[in-house]
Amino acid sequence: MSYQSFKKRTYEILEKGTPDDKWSHRVDVFIISLILLNILAVVLESVLAIRENYQQVFNYFEIFSVIIFSIEYLFRIWSITENKKYQNPISGRLRYLFSFYSLIDLVAILPAYIPFFIGLDTRVVRGIRILRLFRILKLSRYNKAFSHLKQVIQSTKEQLAISLFAVLMLLVISSTLMYYVENEAQPEAFSSIPATMWWGVATLTTVGYGDVYPITETGKLMAGVIAILGVGLFALPAGILANGFGSNLEHKEEKNHNDERPCFCKHCGKKIIED
Amino acid sequence: MSYQSFKKRTYEILEKGTPDDKWSHRVDVFIISLILLNILAVVLESVLAIRENYQQVFNYFEIFSVIIFSIEYLFRIWSITENKKYQNPISGRLRYLFSFYSLIDLVAILPAYIPFFIGLDTRVVRGIRILRLFRILKLSRYNKAFSHLKQVIQSTKEQLAISLFAVLMLLVISSTLMYYVENEAQPEAFSSIPATMWWGVATLTTVGYGDVYPITETGKLMAGVIAILGVGLFALPAGILANGFGSNLEHKEEKNHNDERPCFCKHCGKKIIED
Amino acid sequence: MSYQSFKKRTYEILEKGTPDDKWSHRVDVFIISLILLNILAVVLESVLAIRENYQQVFNYFEIFSVIIFSIEYLFRIWSITENKKYQNPISGRLRYLFSFYSLIDLVAILPAYIPFFIGLDTRVVRGIRILRLFRILKLSRYNKAFSHLKQVIQSTKEQLAISLFAVLMLLVISSTLMYYVENEAQPEAFSSIPATMWWGVATLTTVGYGDVYPITETGKLMAGVIAILGVGLFALPAGILANGFGSNLEHKEEKNHNDERPCFCKHCGKKIIED
Amino acid sequence: MSYQSFKKRTYEILEKGTPDDKWSHRVDVFIISLILLNILAVVLESVLAIRENYQQVFNYFEIFSVIIFSIEYLFRIWSITENKKYQNPISGRLRYLFSFYSLIDLVAILPAYIPFFIGLDTRVVRGIRILRLFRILKLSRYNKAFSHLKQVIQSTKEQLAISLFAVLMLLVISSTLMYYVENEAQPEAFSSIPATMWWGVATLTTVGYGDVYPITETGKLMAGVIAILGVGLFALPAGILANGFGSNLEHKEEKNHNDERPCFCKHCGKKIIED
C-alpha cells in the first residue's frame, strides 16, 4: 500500500466512513469502548477498596489509554489533509489543531504528560485526575444524542437564555428578601445574600434538602409565596427543552407524511393537488 | 360439544373474543380480579400484624391462584393452535411457549413449583415471594393503559434514549466534580464517585432527601449551578412523554376534524374519499 | 308584584341572569363573598390565639351563614320550576334536589343541623367542622376556573387515567422491591410494603421529606434507578394537563384568527377564499 | 448646539435610538452596567467580611449611583416632550411622571433621599437597603427577556389565573384536612390550618424540606393521595408558561414558513401580498 493510499485509508477509518466500511466501524467501536472504560475507571478508582487492590491495573490501563489516544490524535492530524477543508499540509493542519474536536482530543491526553514537565505535587496529580473526566467529551464526535441535543438547544437558545435570565433575577430577588426577613432569627444559615442563595436554589429547583429553611412566620409566608410563584419559572427551561424535542419530532413526522403519501382522486384518477 | 369445537370455544374465551361474547368477558374479569387480588395479597402479607393473623388464608389463596393460573396456562397452550399464527400442534405451540405473553404466564406460576424441586431454604422462599410480584405483568394482556403507554414510548423512544444518555452523562460528570470538591470536607458522605452519585440522583431528580448535601462554599456553589442547569435535563423524559401523549391526542382530533370537512378534487370537482 | 312574577324574578336573580341584571349580579357577589369568608373563618378559627379571643364572633358568623345558605337553598328549590327542565312542581323539584349543585348546597348546610338531632358529642362537633370546608364547592357554580379545569380534565381524562394507573403500578412495584431490599437494614421505616409506599410516594413525586430513605448500597442503587426512570412517569399527569390547557388555547386562537380577519386580494380587491 | 437640538439629542440617546446611534448605545451600556453593579453591591454588602473591609467603597458607589440615576431621571423628564405622546411641557411631563418606567426610576432613587427628611433610625436604613433592590426593575426598560416573558404571561394569563386559583383552593383543602388528621399527633407542627399550609406548600411544590411531615398512618395515607393528585396541579403554571413560549416560537416559524410559500388569488391568479 502506497503512502498516499495508506493516509487516505487512515482518514477514512478515523473519520466516520461509509456505513459498510467494516474497519472504520471496528475502530469506532474500539475507541468508544475505550472512552467508556476510561469513565468507568475514573468512577471505580474513586472507591477506596477498589483503588487499594487494583491500583496497578488502573495505572497500566491509564498508560494504555494515553498511548492509544495519543496515536489516534497523531494519526488524525497526519491524515486530516485528506479532508478538502484542511488540504494544506501546514495551514490546514494548524486550523484543524484548533478545531473543536481536535482540542477535545488534546485535552484528553495532555494532562497525562504534565507530570513530565512539572514536579509530581499531590495537587497536580489531583488536578490531572479531574481532567481525565473530559475524555467523556470525546464521545461527542460519535454520538447522535449529543448532536440532537445540541440542535434542540440551538433552536430554543433564545428562549432558554430568557428563562435563565429570569431565573437568575428571581433567585437574587428572592434571596435578598429572605435574607432581610430571616437573618435575625437564623444569623448563621441566612448569614448573607450569597449564603441565602443556597436556600434559594434548593427551594426554587424544589430539591429542598432541608438543611436551610425559614423558621419565622414572615419567612415561611414569604417562602411559600416565592415557592408557588417561582417554581414555575425554574421549571421553564425543562419545558422549553421538551417542547423543542417535541416540535423537532413533529416536523419530521409532517415531512414523512407529505413525502410518502401522494394521493389520487378516486373519481378521475388524477393526483390530488393541495394549494 | 365435539373436541374440536370445545378447543375453538376455549380459544375464543381465553383470547379476547368478540365484544358481545359474554363468557369471554366473564373469564377476563375473573382473571383480572385474581391478578389484582394477588397484588393486594403480596402487599398485605408484608404487614406483620396481618401476616400473623391470616397466614393460613394467604396460603390457601396462593394455592388457589397457582392452580387457576396453571390451568389457564395449560388451556392457552392447548387451544393456541386455533390461532393461524401457531397452527402447527408442535412447532406452533413451541413458538407460542417462547412468545412474550406466554413467558409472563410461566414466570407467574413457575416460582410456586420451585420448592418441590429444591429444599425449602428461607432464602428461596424469600426469592419466590418477590417473583409473585411479576404476576402484575399478566395484566399487560388486558390493559389498554399498557398498550397506549407502550405506543407513546415507542414513538418517542429515540428522544427518550437521547435524554436518558444525557442524564447519565450529566450524573457522572456532576458526581465526579462534587466528589473532588466535597470529599475532603465530608469523607464519609462523599467517599467515592459512586457514593456521590447518590447525592447526584437525589439532587438532579429534585427528590433531595437531605441526608447528603455539600457543606463547603465551593461545593454549594457548584451544586447550585448543577441544580439550575441539570434539573431541566432530568425533567426532559417527563416532558417528552407528555408531549408524546399530547401529539397522540392531536392526531386523533385531526382525524375527527378531517372527517367533518369534506375536500373536493380540483380536476373533476367530486368529493375526495380517503381509504 | 304577583306571586308568579316574584318567583320568576327570584329564579332570575339566583341563577346567573343576563349580564346587565344588577340585582342578580349583586346577589352573586354577596354569596361568593360569604363563601370566601366562610373558608377564611375555617382557616382562622383553627389558630388558637384567634379562636380564644373571637369564639363568639365565629359562632355568630356561622349562624348567620347557615341562615343565609338555608334561605338560598329554599328559594332555589321554590323557584326552580321556572326552569323548563324542572317545570313540574313535584317531580321537577325532586329531580333538582338530587342534581349536582343542589346536593352541594345541601351538604353546605346540613352538618350545621346535625347537633339538633344527635347529642353534642365532641367527635360530632369535630366532624361538622371539617364538613364546613365543603362550602368551598359552592363556588363551583360561579367560577369559570372550575368549568375550564373540568373541561380540560374531561378532554384528557383517558390519558390521565392511563398515567394514573401506570403511576399506581409503578408505586406498588417500586415499594415491593425496596421493601425486600431495605427491610432487614431498617426494619422500622421499611416495616411493610404499605409502609414502604410512604417512601415511594415521597420519592416518586420528588417531595423527598428525608424521613425515610435507603441506607444500604443495594437500596440506594435501586432507589436511584427507580427515581431516574419513575420521576418522569409521576410528572406525566402535570404535563398532560398542561398540554390540555395549551391545545384549548390554540383552538381558541385559531378560531379568532379565522373569524376576525377576512383578507382581500391586493390586485383585484376581491375577498380571498381559502379552500 | 442649540437648546432645542440638545434636548432632541438627549431624548434620542436616553430612549432607545436607532441601532447605529453610537452614543445612545454607549449610554445604554453604561446604565445597564451600573444597574448590574448595584445589584452586585447589594449582594456583596450583605457579606459581613466584605462589608467590614469595603464599607467606604460601597458608600461612595452608592452616592455615585444615586447621582447618576438622578441625573438620568431629570434628563428623561426634561427631554420627554420630544415624544409626541408627552408633547405638552406641563401635562405631558406630568403624565410621563406617572408612567410605569418613570415610577420605577423614581423608586430607584427616592429611598436614598429619605434620610435627609426623616431621622437616621436603624429601621429606616434597613428599609432603604431593601428598596435599593428595586433598581433591578430599571433593567426592564432595556431587556428583551422581560418583554418576551411579559408577552407570554399576557397571552396565557387567563390559564395562569385559573391554575393559580385551583392551586390556592387545593392548598386550603389539603391543609385543612391534614390539620384535622395530624393536629392531635403533632400539636406543634400542625398547630393550625395556616401553620399546616407551610407543610402544604412544601409538599405540593415538591420542595419537601423535611421539617414538617405527617407521622400518623392516616396522615401519611392522606398526604400520599394529596401528593400524587396535587403535584400535577402545582406543576401546571410551569407547563402553561412553557407551552406559551413554545407556541410563540411556532407562530414565528409559521410566519417564516408563510413567507416562503407564496399564495395566489383565486379570482385574478396573482400572488397574494400580506401587509
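Chains here go by letter, A, B, C and D, matching the order in which they are written, and residues are numbered from 1 within each.
In this section, a residue touches a chain if its C-beta (ideal position, glycine included) is under 8 Å from a C-beta of that chain, and two chains touch if they have at least 3 such contacts.
Here the structure is a predicted model, which means the values were calculated and not measured.
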Longest centre-to-centre distance from chain A, chain (CA-based): C
Numbering shared by both copies at the chain B-chain A contact, with half separating same from different: different
Distance from chain D to chain B - Cα centre to Cα centre, in angstrom: 44
Centre-to-centre distance between chain D and chain C (centres being mean Cα positions), rounded to whole Å: 31
Shared-contact residues (touching 2 or more other chains) in chain B: 202, 206-210, 234-235, 238-239, 242-243, 246, 263
Chain B to chain D touching residues, read off their complex: 206-210, 239, 242
Chain D - residues contacting chain A, complex: 39, 42-44, 46-48, 126, 129-130, 133, 136, 139, 143-145, 148-149, 164, 167, 197-198, 201-202, 205-211, 234-235, 237-239, 241-243, 245-246, 249-250, 263
Of all residues in chain A, those that touch chain D in their complex: 156, 159, 161-163, 165-166, 169, 172-173, 176-177, 179-180, 191-195, 202-203, 206-210, 213, 220, 223-224, 227-228, 231-236, 238-240, 242-243, 246-247, 275
